[in-house]
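In what follows, structures are represented as structure tokens.
Here chain A shows up in two complexes: once beside chain B, once beside chain C.
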Partner chain A sequence: MLDRVLTQPRAKCRKVTLPDRLAALLVWTVATLVAGMLLWIVLDLLRHGLPHLSIGFLLDAPRDAGRAGGIAPVLVATAMILIVSLAVAVPLGLATALLLSEYIRRGSRFAGFVRHALEVLAGVPSIVFGLFGNALFVRYFGMGYSVAAGGLTLACMVLPLFVRASEEALRSVPDDFRRAADALGLTRAAAIRSVLLPAALPGILVALVLSTGRALAEAAALLFTSGYVLRVPESLGDSGRTLAVHIYELAMNVPGGESQAYATGVVLLGALLLINLLTALLGRRYGAQVQGVRR
Partner chain B sequence: MTTTEKAFRPWHVPASRPACCDVKRPALQAVGLGVRFSGRPVLADVSLDMHHGCITAIVGPSGCGKSTFLASLNRMLDFEEGAALTGDVRFHGESILGADLDAQSLRRRIGLIAQRPNPFPLSIRRNLAFPLREHGVRDRPEQERCIEESLRQVGLWSEVCDRLDQPALALSGGQQQRLCLARALALEPEVLLLDEPCSALDPLASGVVEDLIVDLRGRYTIVVVTHNLAQARRIADDMAVFWIEDGVGRIVETGSADELFTRPRDAVTRAYIAGARG
Partner chain C sequence: MRRLLLGVLALALAACGNGDQTADSATGGRLEITGSSTLAPLIAEIGARFEAAHPDARIAVQTGGSSRGISDAAEGLADIGMSSRELTETEQRRLRQHRIGVDGIAVILHRDNPVDRLSREQLVALFTGGVDNWQEVGGADRAVTVVDKADGRATLTEFLRFFDLPREAIAAHLIIGDNQHGIRSVAGNPGAIGYVSVGAGTVEAERGTAIRLVAIDEQWPTLETVRNGDYALTRDLILVSGAEPSALTLAFIDFVRDAAVHDLYADFGYVPAAE
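Take a look at the complex of A and B:
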């Protein structure tokens, strides 16, 4: 008897009413619409972009203001700006995350202030970051429209994301390790160097990959800072055009550049997908490792 | 006796007191010690001498402040939010509560082993080498010698000597706990504080760790918190019974383990030992 009660399917225990069915239908419809919209965007991009995509497109210099040729200088500039922004954001972000997770109490006023500041920073529209970068780096520090100015502006932008994700990674390292290190009379610095950072490394890598994705997708903040010169930047002081800015320029300011814009869009989309895939892989490995630790 | 036999040894076998356990000489002393967390008293008026080379067992029901007491003996309470101490803790007659005391080197001399094994997520070798290096043992051969010696002391050498570079977290629970003990021993402490070292282990592993504690008697001053009276009776020289009165942990009786088990003076101790309370 008890068996029968326990194995009875749930649906039979409860009468399904018409409003239930309507609600289910509504939720399913909306979800399908959202997923469909995303699929539409991707398919549209692929349909217009793929025919123009080739190895040559990646390796050639652009001709005729980008209407023909490839995007080689754009790829180089994108890589340079990305490297500058990460080289600045990673040490600063890691130090902040360490401060928040290891050195000050979670409930302290300073921690609250820093966290609040990061949240506000994360909510600032990127065009505002662009204006700020333009005022500070381009004009005040006299960097001009350059890879350096663009990279630094991007660093400010990805900092909140990187700090938050790295802090989470550090916090997810079991407290047992900290207590063990304390009980052995080790300094917090030694514990961080030899135990906590290595244990949190996979999570920090995820933070790094997420930040790269964010930086890669940015156009507005770079228009006023790194500029849109379509040449290979010879130094950090030269202006350079990233993938996202290239798409904007081709679509808005170069008549007849749409197809090239689409092809560049496919390249950017591919890079972002690759980064997401990397995050998923690292995340899975990280999850497995934390389980291993808590075994 | 094999390990299995030892693990299931009847609990009434009395522990014999070796000559090296010198009752006259207290290594660690708690003097009228009280602990408050954010103003709320947790421990009050705890006075206890822990003798050089002896095993002192702290017993009592859950929540009576045994672990807090242990943590106050090597300044681990420094890390607890809002913890305040009154009274004194003396190590070889000198207070360890002073603000100018080097708490890190104190913790090297007074090691604490946690209830749950907590090896670092490093290799077996690095688990021992890293604290050694941080405490100034930088010479590689010297490190290797220390590592082997401590692993031998806890009986782990023969089990792991061919896989020192494998992750410590792949070891079994009992092996991990012995590794943690070896990690503390490598730093050549004088006192070992053990916070229910066997409670997270299965009976077999628990027996191995217990035998190990007995082996270390005489060489180290050992303070062990346990809620296992049978274990306390098997291993302890001295004993202190903690109890909660009005929500505050206090000592109700101290003395040699034999005495407390055979002729308890306090009614609470008598009931606790008889299994009627706690």
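Take a look at the complex of A and C:
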């Protein structure tokens, strides 16, 4: 309704005045600037990073504190930490989302509490997650700087995002599905397993991809949990350096590490773009499917 | 679902189990090293060479600053702490020190700043706000931007000690953390003055970054002058260990001080301690 009012041609309402034009100009300029900023960042990264990028860069071990060689161990460590964090965040997040969407009323006090807690958690700066992870996993649980500690810290961090997105996915499954399941005499668990989860799967995949993107970009939370070691982690108890931490370390602590930092940045940006593309594709398919169901 | 939860549990257990491997021979096992971000890249490189020589050993180097390294070593959270500042008396009582090298601290300006030498008095005036235009010390008509290090940074501590200044005296326009951050801040501002490790500054200046290392009272900050003592503003690079270091800890510290890895010090612009 509101949409329709706002998008009505202005000329029909009243004459276009000078302030009106100025406002339009301002909005366009600002929007162009914002888009330009992204373009600038990407171009800057590519300009400095691309000359150092090659297949060897992805497959070689780093030498000379990362100033030469490649980033193979960094890629492996990043993948390990991601897998740990998702392996923890996905079941926990899915259970919470199911609770919020299927087991309790939307307006109930407990639902409000859980949702509020998640919102606060989502707003906590990632360096605070890092300190928390350091105190709890690294020290209290004695995991030391390790892939496990880093992955668990990241899991805490992406949990709110994952819960929110998968709750949305579950809610957008039409209630007809639930009624049909009831009519067939399915228990709630059976209905969830064989009706709701499959129906919501594309949306949950979107949630998964979004969380992966968030985790991939994180450096601050990992500085004090998974650490800096530039070697392929041999177990979950070993420290490992992720792409984002590698960029930070090269740019901040290694004299002359800047060009390699740029090249690593291009790799990270590429991974993130790939993930965004994946989200967009899944989202489109998901949207189409839901519309199809409603029709 | 159940399978997933079991998987998570297994992961967690695996993680805990791997946390406490202990050394079974003199050069096998795992060493945790934390501390100075100035030292970390060098020690990590030496660690890689140590691992190549002793396949059973694993050297894990983490950074976080000198103070962190010292406290981690004191609390036993790390086997070795890296410090690029002097230890306080209380710290000295609890830890063993192993001096491994020397690093100078250089005052840096933007490359386009014509000033190339400053006296001690001029530097104090610049950093405390007494001089706020480069004209007053022979430069162009341009405002001075003082780039200072954040509290707790080893470079800051040693810098203040050299000029005998209290922390509050520095009239900073910009507070930065890591070495590279300082270099970039100065390279991006023609009126800036800052200070960094001679090693990091030299390496960056050689690579074409827009900075200039200036002389203090005619003493030029170079690797050579730091090595032979002609440059006064220096600091020791130190490894600290608990009172009773393990055999592996001692073996690694010996390795760090061995002449065979001195080429690595040069890569980072540090001077290894004389044997």
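One rule holds for everything that comes next: the second predicted complex is superposed on the first by the 283 of 295 C-alpha atoms of A that agree within 3 Å, B and C clash if a C-alpha of one lies under 4 Å from a C-alpha of the other, contacts with A are read in each partner's own complex, and residues count from 1 in each chain.
The definition used in the following text is that contacts are C-beta pairs under 8 Å (C-beta built on N, C-alpha and C of every residue); 3 or more make two chains touch, one makes a residue touch a chain.
Just so we're clear, the structure is a prediction, and the values are computed from it rather than from any experiment.
Engineer: In the superposed model built on chain A, check whether chain B and chain C fit or clash.
Structural biologist: fit
Engineer: In the combined three-chain arrangement, what's the angle at chain A toward chain B and chain C (CA centres, steps of 10°)?
Structural biologist: 160
Engineer: Applying the document's definition of touch, where does A:Pro19 land relative to chain B and chain C: first, second, both, or neither?
Structural biologist: Neither: A:Pro19 stays clear of chain B and chain C.
Engineer: Is A:Ser146 contacted by the first partner chain B, the second partner chain C, both or neither?
Structural biologist: second
Engineer: Spot which of chain B and chain C makes contact with more residues of chain A, would you?
Structural biologist: Of the two chains, more chain A residues are contacted by C.
Engineer: Just checking: does A:Gly123 make contact with chain B only, chain C only, both, or neither of them? Give me first, second, both or neither.
Structural biologist: Neither partner.
Engineer: Just how close are chain B and chain C at their nearest CA atoms in the overlay, in Å?
Structural biologist: Minimum C-alpha separation, chain B to chain C, in the superposed model is 19 Å.
Engineer: Where on chain A do the contacts with chain B and the contacts with chain C coincide?
Structural biologist: none
Engineer: Using the touch definition up top, name the residues of chain A that touch chain C in the complex.
Structural biologist: That would be residues 64-66, 84, 87-88, 90-91, 139, 141-149, 223-224, 227-231, 234-239, 249, 251-258 of chain A.
Engineer: Within the complex, which stretch of chain B touches chain A?
Structural biologist: Against chain A, chain B makes touches at 74, 76, 79, 81, 103-108, 111-114, 116, 118-122, 126, 130-131, 134-135, 169, 180, 183-184, 187.
Engineer: Any idea which chain A residues touch chain B in the complex?
Structural biologist: Listed in rising order, the residues of chain A that touch chain B are 105, 176-177, 179-187, 190, 194-195, 198-199, 292-293, 295.
Engineer: Using the touch definition from the top, list the residues of chain C that touch chain A in their complex.
Structural biologist: Checking each residue of chain C against chain A gives 1, 4-5, 7-8, 11-12, 14-21, 32, 37-38, 40-42, 44-45, 48, 58, 60-64, 77, 177-181, 183, 199-201, 203-204, 207, 267-269.
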